[in-house]
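Below you'll find the structures, each written out as structure tokens.
Common to both upcoming complexes is chain A, partnered first by chain B, then by chain C.
Take a look at the complex of A and B:
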């Protein structure tokens, strides 16, 4: 338990080991056979993900402990997020199995990069040290930079990759600088180690108010807020996301808007909710300490970010004519709703929100991918006119996903918003909830716009019924079932979340 | 320069004495170092600018290309395959960086260290083999 010990525990990182092995295996088969079969690559990826899921289940509910010199922590917080990432990649593999071949893109590398990105995401939720968070973030980011530019001969794809790379590295620099500041702020010559990036040690030092410098802590937290804010695409750090999402190949966009966003939220919650907020309970009498100042300032900053993100995301989405761009802004707005949960300091609501969001959003992008055809040619809303009765199944599925994103009852989107707003209301952020609900109403307009175009407009010319691959249908069906299951019978998931342990609950129990 | 570095390193390794003796003073050598680094080229370039004799001949104004007369235009397309070399260099360079500390205390790490290192090298060999089979080493 003590971060000083080495504590090598391979069971604790079994999910990560399995995903890495799957990635390396895909790479090796690709190298041996010169050109890997898409079925083989996909099968290895899916088996690897299933293995990782089994490893997560085997760890679930166990003792909360940290291993590898305090770098990795195993609590249910980590495992729940790990499950979200595994679901994301599983669905993405399903919806892109046929797509990679149709686009004539290198198959092996695609699945390999997906698996490496997943490993990075798993590490981000498992990290118990700021340096480990950075490492996981970079593993994810570098794989996704490449995936964005995966359609090598497409200018839009290139633009997307370059923009993502430059702005991504810039924001990572902010995060790192923030980490450096926090490391400095934790300096105490009487303790060993003298300064730390370990989150548990950091929390202890914050709680006992043994800090080298309060302003340094605030500066570090502000920098980290910028870094994470960029990664989850919150206003005012959201400018990159519409361009990147529009240009990237559609399954990659789906991956970016769900997987890497959820991973960034995992680290974001780990640092802000489970470390900074946990170190300064509101009820405590300390009013002048640096820690309570940190809590107050970062709650206010998060609140402003949440309001800006929801409002900008929804308002700008209204005027978009490209479906991918519209969903990019919608994704920004959804990051805003998840931030509402962060403001309330309730990671369970955030986790449930992200779980619902990834299932719905991947489903929506799967339909868009099929309708866009080769080279992402048909992504304008005009291309969707009147296709409703020509391909009823797809149009109905897309309508379900869009309605769920808007938050119609009986779907996952409603439950997710309900939970987030409930916990924010309970924590006393009433204005925030009101703004969130108003925004949710605004979002109906642009989601319904696509549905109206599909069912009540004259058919667009040149639309051919797409041929659906079996793997894609499987992915779609899973997404639909997930959307309905989380909306109608969320009890089991909520129950699991309610019982889920994290570093905070264990400390309270002791 | 080396002395400068040595002073700098010593200054850093000395622990800050007390809370009032803020660690910012530890950075004074760095500031001095930075000033010298800025001043040196400025002075050198300035002095040569003041002292040199100006000759403008045709040969003098030609682009310099290893001493021979330049052939063709400078704006020519060429294959940028250096990046592959750079990447492979990175693979093996980083490998050595990790091998050194292991070699120093390998008797203390015993079998565990050996297995760990074999896994590490194994991962790099996979990368190397992949680059090789994908034709990254074919020069054309």
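Take a look at the complex of A and C:
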């Protein structure tokens, strides 16, 4: 593994190539026909995703290889997250196939943007270089900025897009500035290259304490924390997300709250856990070196952010009367739980958490999308009153997802929380776990509130049984199966994670 | 092979759940019954063909389905275990279950949601078999929750009716209390022993029971052991689960209300199988209980008290199903009494015989209810024996069996329990005598209330002719007119199961004739069979018990006399005064429901409306909500919202956050 070598290896970026090709193909068909059929566009997207999944599987095998001058790395960390992103987009395509047409929105661009966003996300988990991470992040962000404003005649959608864009670019600036600082901090005239953004080299230099300036490194890390914190929506950088999530079209909200959040966590973990933390094992003797200081302060900062994020997310979610907004805050809270795993430095727990969370959350949003109807009109909790027995299947599915988000045993949500809390406990962050569990208990209140409204309130007026598209039902069924599978039979996935190799473990083994 | 026993009913449930809506009733009935029939045949084959040929102390067949969870030191498998205990259970669960399915095809004819009913029923069979065949506590818990869910769904089967919904909710909540204890006990067991598996098995997994049985590990017989967090605590927490599921004091209130479900459900779930899951669990965990003497005493006392209290209530009920419901609670009390005095085999034996005669009695009552056109009040019955000959004849068999008349099945098992509690070595001096007296009194009351039920239903004047039907009509069916044509015998699909179960109620007892009674001429198959699967109390005096046949004969004589006193006394009394007004306290079920309502439910309601709602919700949350609503009002005009500078204020928050973070990182 020589980061200096060019090492062009198209197999290593096959998943990304396939998704880009699918996106371009959708665009071409759209350009050369009068109007692309939603079925065709959806089919191309689904086939592309299936192909990308196959490519990911073909790369699997416990190896750690870098290619393209160390820009791309292939390890199980990347592949696991790639699978999460592919699952996310697959489900999103399924739940929005019919929706795009019902909303009379242009179909081609929608699926094309989704596929480009997915490509960006795939790159974010594959990147082994800060520059590459930035590129992936921007590819994703630009696509999602557009998607937020996709219902362009709707003011809420416009507001959502503009806010997301302004605040998003603002935070990206922090990230970029942080990257520049770290690049500067890694300067060493005796080495080649003299300064670097490659994570592999960076880690080696951090570990041997060959740094130009410690404070510069810390300042850079802080700024990157701001940038990532914004993308995963942790307090206090979560402030944009409720407005954006509420205003964006529901399937896009589902995508934002799962896919782009998971992608940001992937890069976040890659930089902080696999590079910064890995460079400074807790047991190392260098107590006052810049790198152990880095580990200490970022752990503390992450811990405070995790506590704030969980608490703010849950407390504010309680008072929401709009289901989408409630789920936006719930999504913030869940980022907090995932952060608990990051504090513990356990990316496996984080990855399992995200996998569970995306499946459950997309399922929940799928139901909300159907009940909301055209133009997102019915999204207040009052609109859910008494619909339980009028549309039993949907209500039961939504109840399952909400209970799973709350963390009821035998569903994915429980396993995920269990793993995250377990690894934090094992790492000695007992207070954090206690706060997390208390928060988890608080969250039952607002999840149950929706269920209570659905089954025990007088029926709301004007509710008509929604007509379910077959694609949406397929998506829902997959989400339900996933939720139960991960909750009841997580063995296989946990096993894959347990065996997963990454730079950290291979380095430790060598 | 073992997996097929559980999977076939599951397949039936899935087929019926997905496609049942479009099937005809015949087809649904065929699928539901045939899947259970396959399970039954397989169970008999596995038990007689595979398990029994094995040597006595090696009777265990394991089957690993898949590794379920394997995280760190925690391992749980989805694996099945067939041993004498689970073997006996699957035999009667599938056999009785099959005949109840057949009965239900006739009973439920023409009901709305016929497919739904049988889908749930098949799902119940699956869950119950998982519960019994599981080879570890966690998988047992899955089955435990599964049967609870099915019970909830089936009690609330007539979900358009308020009383059915209320009963379902009550069952659900009360069972959650029990399950909470079970789950805690399970966690504590794992915490202490590091395993949730019953036995050592070929996969090399350690066993929780081995830990429980380790020499010198028995808990002292003091009450402080309850809170010591050792075996006694584990045993009692598990017993809390059993109390909930098997309707013992103080959680028995849900079972009588559960009779709101269709009668075959009452027979299958709330008499023969599910409610005995608590007894199964306690017997399965006998290794834990025998080393926790305090827990044993509590189990025995709770069981005896429940038996007596429920029997007294049973005397004073007018609804034919309610009588049987309290009778079930009372008989379950007997089983726990047996477990508590260390006679686990006797408890299981009673489960076995009880499954036959109680299922028979419930199905018989179902037949009566159908024959009476959905009448359940015994005050409006009487003289039915000439209209429903088969039902009457079969129910007589059940009546004699439960009353403990010699040579019927209930006689052997009940006698065994009474004898074992009298001679128990697991308890201290006054207890065996006290428990025996309570048990004997219960036996007397059992004979009385069952005689009352039979006399009021089948003998005496035909009161249904003069009765008016305008007032409280507590039938479990939607229709029921104001005029009653003459009662008529039920169709074959209902009478055949009655006959089969009646034969069982007579004969099932001969598998376990107490040794002292037959002088060893008929060997006690059940006890021999269960011997290896059950742990024995530490200071058991087998030798003494074996020689002491004279005590056994005397005690048997006493119980025979008691049974006949009960039957003859009841007969003479109720024949003359069928409508004798029982004491209000008993008719009102000791006002336990009312007491719970006053002591628990109302205070919770008061707190939640006065404190939680008025103070927290109205003042705090609504205050915040109204604030948020003001904010939301501005969202309507999105442009103004944007221009009002909120996006800018978000930027301020981000910047302040960033500055704090960078400051902390740089300065530290």
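What we mean here is this: the second predicted complex is superposed on the first by the 509 of 510 C-alpha atoms of A that agree within 3 Å, B and C clash if a C-alpha of one lies under 4 Å from a C-alpha of the other, contacts with A are read in each partner's own complex, and residues count from 1 in each chain.
Everything below uses one rule, namely that a residue touches a chain if its C-beta (ideal position, glycine included) is under 8 Å from a C-beta of that chain, and two chains touch if they have at least 3 such contacts.
None of the values given here were measured: they were computed from a predicted structure.
Engineer: Residues of chain A touched: more by chain B or chain C?
Structural biologist: Touching more residues of chain A than the other partner does is C.
Engineer: Between chain B (first) and chain C (second), which, if any, makes contact with A:170: first, second, both or neither?
Structural biologist: second
Engineer: Please work out whether A:32 is in contact with chain B alone, chain C alone, both, or neither, and reply first, second, both or neither.
Structural biologist: So A:32 only meets chain B here.
Engineer: Answer with first, second, both or neither: which of chain B and chain C does A:189 touch in the superposed model?
Structural biologist: Only chain B is touched by A:189; chain C is not.
Engineer: So in the superposed three-chain picture, is A:158 touching just chain B, just chain C, both, or none of them (first/second/both/neither)?
Structural biologist: second
Engineer: With the two structures laid over each other on chain A, which partner does A:226 touch: chain B (first), chain C (second), both, or neither?
Structural biologist: Second partner only.
Engineer: Please work out whether A:357 is in contact with chain B alone, chain C alone, both, or neither, and reply first, second, both or neither.
Structural biologist: Neither: A:357 stays clear of chain B and chain C.
Engineer: According to the stated criteria, A:77 is in contact with first (chain B), second (chain C), both, or neither; which is it?
Structural biologist: The answer is neither, since A:77 touches no partner chain.
Engineer: Given the touch rule stated above, what does A:24 touch, chain B (first), chain C (second), both, or neither?
Structural biologist: A:24: touches chain B, not chain C.
Engineer: Taking the superposition on A as described, I'd like to know which of chain B and chain C A:491 touches: first, second, both or neither.
Structural biologist: The second partner, chain C, only.
Engineer: Which of the residues in chain B end up touching chain A in this complex?
Structural biologist: Spelled out, the residues of chain B in touch with chain A are 15-16, 19, 23, 123, 126, 129-130, 132-134.
Engineer: In their shared complex, at which residues does chain A touch chain B?
Structural biologist: Contact set of chain A toward chain B: 24, 27-28, 30-32, 34, 187, 189.
Engineer: What residues of chain A sit close enough to touch chain C in their complex?
Structural biologist: Those in contact with chain C are residues 155-156, 158-159, 162-163, 166-167, 170-171, 174, 215, 218-219, 221-223, 225-226, 229-230, 236-237, 239-240, 293, 297-298, 300-301, 318-322, 410, 419, 488-491, 494-495.
Engineer: Spell out the residues on chain C that touch chain A in their complex, using ranges where they run on.
Structural biologist: Chain C residues touching chain A: 66-71, 142, 621, 624-625, 628-629, 632, 635, 638-639, 641-642, 647, 650-651, 653-654, 656-658, 661-662, 664-666, 668.
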